[in-house]
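Each of the next two complexes has chain A plus one other chain: chain B in the first, chain C in the second.
On to the complex of A and B.
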């Protein structure tokens, strides 16, 4: 108990020291970055050799390596080359094909825990839409979705290129807010959007919003984009909005969900798909924008290398252990 | 005020992560706060968005008396809390199961069965039905063969009325490989997703809170 207590106090003291005494952002030079990568590589080789010799590492060592692999790249000046995949390119192209003034419906079906993956997608999508003078209608089937939309929109609106266009709320973009009812909301919107959203996020009546005056149902929407972290999300949008009402839909999903969406993409039910942080980074690349998706990809790749290394080490430990057990049985 | 929020967020994040070292009171406190705040948030959200804005406003201002049916079904569901009359909750449950089944039957059959089957049974060497043979690119041909062959082999693996021997057994073996590759891809994506969550939290600690990231 005493040892644990000292560890926790130590972490808190370290954090307080960093908070009060390191006031400038930290950046490692390429040489320092290479030295750190080399040291981590050497440590992994050492662990591998020790594993072969029968000395296994504890789980805390694995956790420490994963934490280091995630944190260290934040301070590095290393850039990762990113290739745009066809599913991301097709989503980007679908947005490019829209004429200025087209109406785009964006449904935010996620909450803060999924923000690291989905928020960069939202920001890039908003940026792309506003650069092309598209009209944005925001909604959410998750309670915190519209708040995530507000944060993403605010960030994009503060960018000089977008700020200079003086977009106005209610005319160029609206936030209809959250609506309870999951896929039944989508179903009702197919007939009458105003029946589900009598007021917007701020309590303004639907009919008082100039952008919404001529929008009755999905037939007045030119393109839809869904950011999803689970249920209700892209599956429900495909089943109801796409297959019943013929909506053109693109989707951004958490990586856990993405494999389920590829059949929809192949069948043409989705116009494009962004899967996880990688999808966000690719979308940023396609749109010519450097956001958190691109920045986080170095940490993502680095941590994957560590996970793969420990899978190899774990397998080596398993098979060598099995061989030793067989040898002991024979003896 | 923002600084206080950041400190609380950082304190709770470190508390949750401290579990990786060992279960401890700091973790338990953080976990309990998370569960309590989540439950409270959902209760308030559903109360105002569902009971108040849908039912109360609907009945009192719009005169939609059909909403009483839903409200009564909702109250019947709560009877589960009283053991003597708990059986009453089966009626709204039966209604929900029936209605949802009817709704999903159509949706899933159309989107997840018909569309997917149609997309699997594609011409292997042509871009579409009615197009000339070998009009598809080499990549598309390989893709089509993989999808059709992989689906067939996967289905064979789950056919247990015949012993998995000979050509049938070999096809089933291909099927299990296809399934394993699918699981592998899903696992890879899951690792990516979990790492993204960790990256997000670390970005909060080192960027938003400590201000160390440029």
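On to the complex of A and C.
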């Protein structure tokens, strides 16, 4: 306990020193980045050799490698070729096909733990919509959703290209806030949106919002986009809004949830799908925007490679152990 | 009556929800609206109930000095601090620059993200210790995981380019194929199974055969 406490104190002191003394962003040159990659590779080879020799590594070593593979790439300058997958391209195309002035409903159904994956998607989607003069209506089936939307919107609004357009709240975009009720909210919105959102996020009555005056239900919405991290989320939007009310829906999901959406994608119930941080990076690539998705992909790539390397090492240890056991039985 | 009334409410609401899907006209559409509104009202009340229950359980833990009661103190203090800040800041408590907004951005968000990020360490450790090619099924799973993991990040294609692998079998393409064909087929089977299970359970609940949701004996 005392040892752990000292470690926490040490981390805190290090964080304070870094906060006060490192004022400029730290970036490794491509050469230094390659040297670090080489060293990590060599360390993995060493672990592999030790494993073959029968010396297994502990979980603390695995944890350390994961931490290094996630943190160190943030300082690296490594470029990776990002290919846009068909499901991301089709979502991008669906937004491009909307005429200026079209109404887009965006539902934020996630909370901060999923923000690293979903927030870059939200920012790129907002940026794309505002660049194309689309009208945005925000809502959330998760309590923290509208607040995440505000953060994404504020970031996009500060970008010079968007700021110059002078978009006004209530006319060009609104945030209706959170409504409790899960899929029943979607169902009621199919008949009457104002019945579920009598005021917006700031307490303004629905009828006082110029953008919402001519919007009664889903038939007045041109496209919907759902950012989801679980229940209620994309599945509920597909089952109620798409299947029952014929809404055109695109979705951005966490990497864990995305595989469940492929049947809906294949059936045409989803117009496009962004899966995890990779989906966010691909969407940024399609939209010609470099955001957090692209920046974090180096870290994601590294951590995937590290996990794969440890799976290979673990299997090597398993097969060698099996062989030794068989040899012992034969003897 | 304690059992009959909930059973009648469940049966009536269940039947109305089924009928209104096929006949979305008066009076079923009206009933559907009422019941949906009631669901939202009950849901809003449940949030209060949940918050009060959390306080009650935490306070009880502190009073009885049960194991980990220190964490219960943190729960109650955090709950009170964030609630009081929200209340004192009035209707604009969620605006940018408010103390509530500061707490959300710089306390709640990093803490929640940190908890979730711990998963990466456990996934890596569990994969290292348990993801073994023990038999044919496990090997297939392992291969699928390998291609999806390497194909879902740009480094997969970068390595394939360096190794001059034909573009047709680039990891990203293989990952897309696995997700679109093998995964979609498996997910469909699961979805159909779940749907059939939900239909049968719903019919049992509506007819009052399945009563476990009522609790008690």
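Criterion: the second predicted complex is superposed on the first by the 322 of 331 C-alpha atoms of A that agree within 3 Å, B and C clash if a C-alpha of one lies under 4 Å from a C-alpha of the other, contacts with A are read in each partner's own complex, and residues count from 1 in each chain.
Just so we're on the same page, contacts are C-beta pairs under 8 Å (C-beta built on N, C-alpha and C of every residue); 3 or more make two chains touch, one makes a residue touch a chain.
All of these numbers come straight from a predicted model, not from anything done at the bench.
Once both complexes are superposed on chain A, the partners chain B and chain C clash.
In the superposition on chain A, contact of A:292 is made with chain B only, not with chain C.
Once the two complexes are laid over each other on the shared chain, residue contacts for A:318 go to chain C alone; chain B is not touched. When the two complexes are overlaid on their common chain A, residue A:19 makes contact with chain B while staying clear of chain C. In the superposition on chain A, A:125 contacts neither chain B nor chain C. In the superposed model, A:237 lies in contact with neither chain B nor chain C.
By the touch criterion defined above, A:27 lies against chain B but remains apart from chain C after alignment on the C-alpha atoms of chain A. By the touch criterion defined above, A:266 reaches both chain B and chain C.
By the touch criterion defined above, A:147 lies against chain C but remains apart from chain B after alignment on the C-alpha atoms of chain A. By the document's definition of touching, both partners, chain B and chain C, reach A:180.
Overlaying the two complexes on chain A leaves one chain C stretch of 40-48, 58-66 or 166-174 clashing with chain B, which is 40-48.
Annotation: chain A residues 63, 66-67, 70, 113-116, 179-180, 255, 259, 263, 266, 275-276, 278, 300, 303-304, 307 touch chain B in one complex and chain C in the other. Listing the residues of chain B that touch chain A in their complex gives 10, 14, 18, 20-22, 24, 26, 41-42, 45-46, 49-50, 54, 103, 107-108, 110-112, 115-116, 118-119, 147, 182, 185-186, 189-193, 195-200, 202-203, 205-207, 209-214.
Within the complex, the chain C residues that touch chain A are 21, 29, 32-33, 36-37, 39-40, 43-44, 47, 91-92, 94-96, 104-105, 108-109, 112-113, 115-116, 120-121, 123-125, 127-129, 131-134, 142, 145-146, 149-150, 152-155, 157-158, 161, 170, 172, 176, 179-180, 183-184, 187-188, 191. Interface residues of chain A facing chain B in the complex, by the touch rule stated above, are 4, 7-8, 11-12, 15, 18-19, 22-23, 25-27, 60, 63, 66-67, 70-71, 74-75, 113-117, 143, 178-180, 183, 238-240, 242-243, 254-256, 258-259, 263-264, 266-269, 275-278, 292, 296, 299-300, 303-304, 307.
Considering their complex, residues 59, 62-63, 65-67, 70, 80-83, 85-86, 111-116, 144, 147, 150-151, 154, 179-182, 184-185, 187-188, 191-192, 195-196, 201-203, 244, 255, 259-260, 262-263, 265-266, 275-276, 278, 281, 297, 300-308, 310-311, 313-315, 318 of chain A touch chain C.
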